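In the two complexes below, chain A is the common chain; its partner is chain B in one and chain C in the other.
The block that comes next holds the complex of A and B.
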């Protein structure tokens, strides 16, 4: 098959790539001859490392310098060294459980809001993901369609998610319109404190549950079917099958879901920012938004204070990530 | 206790008819073995009996009670799966007790049953381990133990030994035979392995494409196969089939209506006169030699000769046989006589 009169479409389309690859071949060979194996490894790693360095490592280092310098100036050279002053300011409270007694009351409001959000959102997420996965794993018609439906929101940009739900939940939104049509009392979903808080949890669960349900679904499908048949022969009631067989075997996946959603919930920002902007009042003010406002949005912006808060939040995330790593290792060893 | 009767059982998967009108009566305490080629419906039939699957039509009776619509758990049967299906996150002890706890059985009774089964199967030292920490043979014992503690009316075993190596299979086979003798319980055993079927079974049920071809004791099956399929399926190497003309040198007169003559490889010996064959392959197994050969007509012939036989590829041999040990089949492949 050497002399084909008409080249296939595939060959035509890949021709430029082939040509490029050939062109790159020569210099790469020369490079390899010059630097050996190590040089090739470096060649393939450097682009990624450069991006990672510029957008992660460098900001991290700069962030640290911001946190120990004061003033509103943006250039580090214009910023006086203040030591741990920002940290001190963030952490000083008469009673840490009561933000109004703190020097940075907004910071502590955000901390407690975020804590409450994380606990409730992660619990809700785990339960909803579990139920979704169980339903998607059962013998329902149109399984593939439903899987796609539940996964779809994951693909949406958080801003779009925020806008969609704002459109549904705002005072003259879709939901209130429906309630009006049904002659039911309308609710100010986004401007009543507890409803707004609940809405941020509900919306972020809706937006990400497909991803976690998928992790659990993969776990469910990895459980051999004959275990369920053995359980059936053993006369096991459905509830007991779930608690004694499904759940323990799903435990590793469940752990992944909990830790990943935990890490993500701590950083909650974009959907909520679009949906409520932290309001009403400070009801849905979470840590990332606090950092954003202090650092960039407020009239008296204070990059040092924001950096200090960001570093502390980063510390929490490092602990959570190490926890996840530890759990994964422990699970793999078992 | 433990008689299982199957009446007019059919099972379809969509348009695909997997079991076609099965009728079968398995006696109390009997060890029945289902054999047949892969995909013939052995596992499907076992699953209908177990209650894990429901037949399209027909009835299943256990001790004269119609259990067709009864759930798997309430049929009082226990199943041993090919993959063992042990709960991987539970210890051996928990695996054994799980089903009994479902029945809300008293703890003393559970302890007694587990102790008995563990002693019988010699798995006492393993009780605190998990299935992942056991060898294949040990897992197999635990799987059998899980069936035994339930004290079932009958045991259903789907290729229980197929995941074990050859040596372990032989010893587990002997243990299963001993277990059957000791428990005196009805057992239905599915296997691919003829030797397992022949050595374990009280009766063998030969299935092909969803139909029962023959039900008989192992020796009867070997000596009097009901049709050409059973004749070819039981016995290793398989029976040789010759036309009446081809068989003339060793069979002067065939019974009326014979279309096909069957001769087992073990029943052919070198002789002065007989089938004129050309050797194409010689397999020396030590205790016996299997000769692959062809007739002038091209028909392949196998002969199993005792001991070492000096034969060369391409050599001409004459094979004789005893007409009394031959099998005759009519135009519909059914046995004559």
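The block that comes next holds the complex of A and C.
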């Protein structure tokens, strides 16, 4: 060990950690002598696995118990068994396409809102991310700057995103001022049902498109350049190059992006909750908010019903996640 | 080397192809749409409540200019107006009092000489002024100082624990062969499929059984075992040659020493990426803290800001300033560590 005369800031900051790690060596050496390498493996694994167990696995098991028991109590032994009552209540409809005919109309409103949101948001996201990635990959000056412009909202918190747009979309906000300057009719963006719905799609695309554009950009950069040179020598038209070279080679990444954004879109909550709180009425009420309202916020709190709804959403997410894992593996092997 | 590079190549070296126009239109629109809202937020956050209520809004923050005038031996701060007098002359006068549509104005230099003016014949003199009280007041009066501290505490603690537990698990899973290793890996993959939104209600009951409701630890602990973190670190540790570890063992290093003196330093870049992401994740967390925390004393910035914005009497000047304050740390992280973040996303799909 060479001791430098002036310790760097990093060394000063990590000093307590180094000291702790050194102090831990003695008891751990004793532990290793006592239990062998197996004991050390357990020591390394247990903290992480304990957290997984207590905060993921145990709740998942409780989730199933909740979904078949009733009442508002949180303690399991205080909850009477009700069988499939919650699922029955959630799924019974005369006409599934018309939430007002359902026993739990809010749930179906949320289901259909979320479905519409997922389809529109994921398609908009994919198209915008694709165009942005193609442009960022082309020969433009100041690439790093442009990438940063499209990417920075990804890091903003959903509360910040929600409030930024609430400020712009409010009745006397910047957007209505722009319309006023252009002599166009002003719109109550957040209090008209269809505009509020469109706003939640637009805002969530705004907030996340940089992330997906970045994944696609990495995919584009991995396409070997000689393919394009060959196409150029053959005098292939640019449009044909896109459909015959770029798209097929980008396909695996594109699928990963679509599935990832599907998984996120199904769970949409934060920005929308800050922006519209699910309103006006139930126009932007999505599934996670339904679970949140039924589980925690509503006067008619019903943890069992919330768990049943969450498990159904979980089922969809398991399928999507398996698809994502399979696709990622397939892409990386290619 | 790309399609667009070919597509945007100017035909014959002159003139603009339509793809050039499209590219630049997209970039300029992107600049306005992506960057504009944040810029507008920052500019608005320095406006006084009166300036915020104005329609049409001004771009820069303006405030009415005042002037000190001595009237009857008393020094008063009076608003200044550009006034058109009856004889057509234009002068800058200060308003002493106003009754209905008529205002009594004086010349600041000569306060004894007053004139009565119709308020239609004057406009306020304004200057660019930054209402910094928007930032100072909430931090001092509205608990935001406390929220800030809570957020810093949660972010720091969660990140330290995440790095420690995830790297230990990743070390065990990459450098040891043991029975059940695949089962453990599978379990970690499985937790990927159970996002927070699915486990909200039962997780709440676990936290309440542990007595962690309304505490910052109730926010921190459920977040620290990120499966993506374990994966990222394990992938990286797999590339560290086992010979190094064998050599250390021959030198009688303990397994713990191998972990923190050999493997951990070599995992530096991956740890840095995980640390950056963990800081951003925990700083931005909203849904879980919203559920666990119900007392103001333990609110994080995000929850406090949302609650403040949801109050009946919406004080936009404070909300906007605190929104800017909330995004500053993340922007700093972004500006200085952009390379780590973008390469982390591109190579692992982390978010």
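Going forward, the second predicted complex is superposed on the first by the 307 of 334 C-alpha atoms of A that agree within 3 Å, B and C clash if a C-alpha of one lies under 4 Å from a C-alpha of the other, contacts with A are read in each partner's own complex, and residues count from 1 in each chain.
Operating definition for what follows: contacts are C-beta pairs under 8 Å (C-beta built on N, C-alpha and C of every residue); 3 or more make two chains touch, one makes a residue touch a chain.
Please read all numbers here as calculations on a predicted model, not as lab measurements.
In the three-chain model built by superposing on chain A, chain B and chain C fit together without any clash. By the touch criterion stated above, A:234 is placed in contact with chain B alone, chain C being left untouched. A simple residue count on chain A separates chain B from chain C, and the partner touching more is C.
When the shared chain is aligned, chain C comes close enough to touch A:217, but chain B does not.
Applying the stated contact rule after C-alpha superposition, one finds that A:306 touches chain C and leaves chain B untouched.
Of the two partner chains placed around the shared chain by superposition, chain B and chain C are both touched by A:245.
Within the superposed three-chain model, A:200 lies out of touch with both chain B and chain C [touch as defined at top]. Of the two partner chains, neither chain B nor chain C is touched by A:109.
In the superposed model, A:158 lies in contact with chain C only, and not with chain B. Figure legend note: chain B and chain C, brought together by superposition on chain A, show a least Cα distance of 6 Å. In the superposition on chain A, the residues of chain A touched by chain B in one structure and by chain C in the other are 229, 231-232, 245.
If you check the complex, the residues on chain C that touch chain A are 1-9, 19, 23, 26-27, 30-31, 33-35, 37-38, 40-41, 44, 53, 55-57, 164-166, 168-169, 171-173, 176, 178, 184, 187-189, 191-195, 197-206, 208-209, 221-222, 224-225, 230, 254-257, 259-260, 280, 283-284, 286-287, 291, 302, 305-306, 309-310, 316, 319-320, 323, 326-327, 330-331, 333-334, 338, 341-342, 345-347, 349, 351.
Across the complex, chain A meets chain B through its residues 224, 226-227, 229-237, 240, 244-245, 248-249, 251. Contact residues on chain A toward chain C in their complex (touch as defined above): 21, 24-25, 28-29, 32, 37-38, 40-41, 43-45, 47-49, 51-52, 54-63, 66, 74-75, 131-132, 134-135, 137-140, 144, 146-160, 162-168, 172, 174, 177, 180-181, 206, 210-211, 214-215, 217-218, 220, 223, 225, 228-229, 231-232, 238, 241-242, 245-246, 256, 260, 267, 269-270, 274, 277, 288, 291-292, 295-296, 303, 306-307, 310-311, 313-314, 317-318, 321-322, 325, 328.
Of all residues in chain B, only 50, 52, 71-74, 77-79, 81, 83, 85-89, 98-99, 102-103, 146, 150 touch chain A in the complex they form.
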